[in-house]
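These are the structures in question, set out in turn.
Below are two complexes that have subunit A in common, paired first with subunit B and then with subunit C.
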Partner chain A sequence: MDVEIIELSDDNARFVLTGVNPAIANGLRKSMLSEVPTMAIDYINIYDNTSVLFDEQIGLRMGLIPIITDLDSYVLSEDCDCNDEGCTKCQLTLTLSAEGPVMVYSGDIQSSDPNVSVADEKVPIVELKERQKLVLEAVAKLGTGRKHVKYQAGVACGYKNVPVITFQDTCDACGKCVDECPKEILRIDGDKVTVTDPLKCILCRLCVDACDIKAISLEEDDSSFIFTAESDGSYPAKELIVQSADTIIEKAKLLNEILESIE
Partner chain B sequence: MDLKVIEKTDTEILVEIGGESHTLLNTLKSSLLDDPRVEVATYDIKHPTISEPILFVKTAGVDPVVAIKEASARLIEVYEEFKSVFSEKASI
Partner chain C sequence: MAYLCTRCKHSVEIDYEVMGIRCPYCGHRILIKERPTLIKKVEAV
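For the complex of A and B:
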């Protein structure tokens, strides 16, 4: 197994994973999308809302605001010692109070835990005009993407197989494929055509169709994957990927423990 | 996770793995099929929102529970390897 990082920033990662079967890669993708726990606002008490939006719309907007997740300090409410009654280990209280005229952003939400705050301060909630008020208290909990989309940590996670472009000896370097390629990754090199960056290939097959003598073959490598992962801000992209592998490991360990006990 | 053994013989097992989804079952199935002693490994989720996955494993002699345990251990190994390789490359 090998990993080659193409791009890694706080909320974006692109890497090539080689030497695994498709099920392992798919497990990783699914885990990022639906199994990694993140924090999101789960219910709100509205004390005052004279804005133009209904309480329900404010609730929806609050729920979808990404919150930085700290898995060391918080646990899933169903795993908590308090039996889902709500305590400081499984819940985080946030408050928001604003009076017009002002544009209310996610950055105005005050968190009761100094280590946990909203991931993006510029998510618009509502615009308040003169004499309009919004006062509310929100409770955030951990959850997984399987339960609700607001808990989804990875927002654009996917992979494709690494393309393998090969030219037969019959290739006469006519250049038709070079003109056709939308990504411009083919180049005439003397009397043959070479691929400059196969990772940029979008598998459109225009080069294969353009070749009159069928000298190009485009295949997909079944054991190499170009992964793209984008985080919603709850985790840095790197941590999201490690966490997704961790989540499957935990599941597999739990399965083994249970099997041990039924034997 | 909530395991219910529906049927078990010396070489076959039909077990419901409650609370899990394709994420674990699909990877586990592929890991089971890597084992040459496993003849059949498959799972089914009858209804995507209301059903629990049911895993069926048939082996050529070995206890199916042992086969599942070993497959799951292999899965842990693969993802641990991924974690270490990825963390190493990402920290440079």
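For the complex of A and C:
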């Protein structure tokens, strides 16, 4: 297995994964989407709400705000010693207090833990007009994307096979495929056609169809994948990928233990 | 149950089986139900 990073920023990663079978690639993708524990608001206690939105609507909007996840300080509530009663190890309290006229953003939420706060400060919650008030307390917990979409740290995770474009010797460099390619990655190089950046190919097969003498073959490499992973901000993209791989390892260990206990 | 008269802003006790919906102070017929002071728990889903 080999990983080659194409692009890596705080909330975005693009890399080529080679030497694995599709099941592992898909496992990694699904793990990013639904298995990595992520912090999100579980319920809110509303003290006052004279805004135009119903309490339930405010609840929904609060739930979808991404919160920075700190797995060293918090555990999943079902794994906590407090038996899901709620303690400082499995839940985080946040407060929000605003009086109009003001636009209330996620950045106005005050966290009781200085290390953990909202990931994005510019998520609009509600616009308050004069004399309107919103006072609430929110309780955030760890959860996984399988339970609810608000616990989903990876928001745009996917992969495609690495394209393999080959030209036969019969190619006469007529240039039809070059004109047809929507990504403009084909180039005439003397009496041959070359591919400038195969990773940009979207496997549309327009070049194959354009070739009258069938000199182009486009195949997918079954063991190489171009991965795209985007985080909602609760994890840096790199950590999200590492966490998803760790989750698979944990599950594999558990399966191993179960199988060993049967023998 | 206490309501609030939208005209005279009085808090009014109404027994609508006896007297119908009308403010006993000013006679206005539009009353609003105020938000209870208790804390409301809402699931964030």
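Note that the second predicted complex is superposed on the first by the 257 of 263 C-alpha atoms of A that agree within 3 Å, B and C clash if a C-alpha of one lies under 4 Å from a C-alpha of the other, contacts with A are read in each partner's own complex, and residues count from 1 in each chain.
Throughout what follows, a contact is a pair of C-beta atoms (placed from the backbone, for glycine too) under 8 Å apart; a residue touches a chain by one contact, two chains touch by 3 or more.
Only a predicted model underlies this, so the values are computations on that prediction, with no experimental measurement involved.
Undergrad: Which partner chains sit in contact with A:N21 here, subunit B, subunit C, both or neither? Use first/second/both/neither.
TA: After superposition on chain A, A:N21 lies in contact with subunit B alone.
Undergrad: More residues of subunit A are touched by which partner: subunit B or subunit C?
TA: After superposing on chain A, more of subunit A is contacted by B.
Undergrad: With the two structures laid over each other on chain A, which partner does A:D221 touch: subunit B (first), subunit C (second), both, or neither?
TA: Touch status of A:D221: no partner.
Undergrad: Under the stated touch criterion, which partner chain does A:D113 make contact with: subunit B (first), subunit C (second), both, or neither?
TA: neither
Undergrad: In the superposed arrangement, which partner chain does A:A40 touch: subunit B (first), subunit C (second), both, or neither?
TA: Second partner only.
Undergrad: Looking at A:G59 after the superposition, I want to know if it touches subunit B, subunit C, both of them or none. Which is it: first, second, both, neither?
TA: The answer is second: A:G59 touches subunit C but not subunit B.
Undergrad: Could you tell me if A:D70 is touching subunit B, subunit C, both of them or neither one (first, second, both, neither)?
TA: Neither partner.
Undergrad: Is A:A138 touching anything from subunit B or subunit C once the two structures are fitted on A? First, second, both or neither.
TA: After superposition on chain A, A:A138 lies in contact with subunit C alone.
Undergrad: Following superposition on chain A, which residues of subunit A contact subunit B and also contact subunit C?
TA: none
Undergrad: Per the contact definition, I'd like the list of subunit A residues that touch subunit B in the complex.
TA: That would be residues 1-5, 8, 13, 15, 17, 20-24, 26-28, 30-31, 34-35, 146, 238, 241-242, 245-246, 248-249, 251-256, 258-260, 262-263 of subunit A.
Undergrad: Can you check the complex and tell me which residues of subunit A touch subunit C?
TA: Interface residues on subunit A, with respect to subunit C: 40-50, 55-56, 58-60, 62-63, 138, 148, 150.
Undergrad: Across the complex, what residues on subunit B touch subunit A?
TA: 1, 3, 5, 17, 20-24, 26-31, 65, 68-69, 72-73, 75-76, 78-83, 85-87, 89-90
Undergrad: In the complex of these two chains, what residues of subunit C are touching subunit A?
TA: Listed in rising order, the residues of subunit C that touch subunit A are 35, 39-45.
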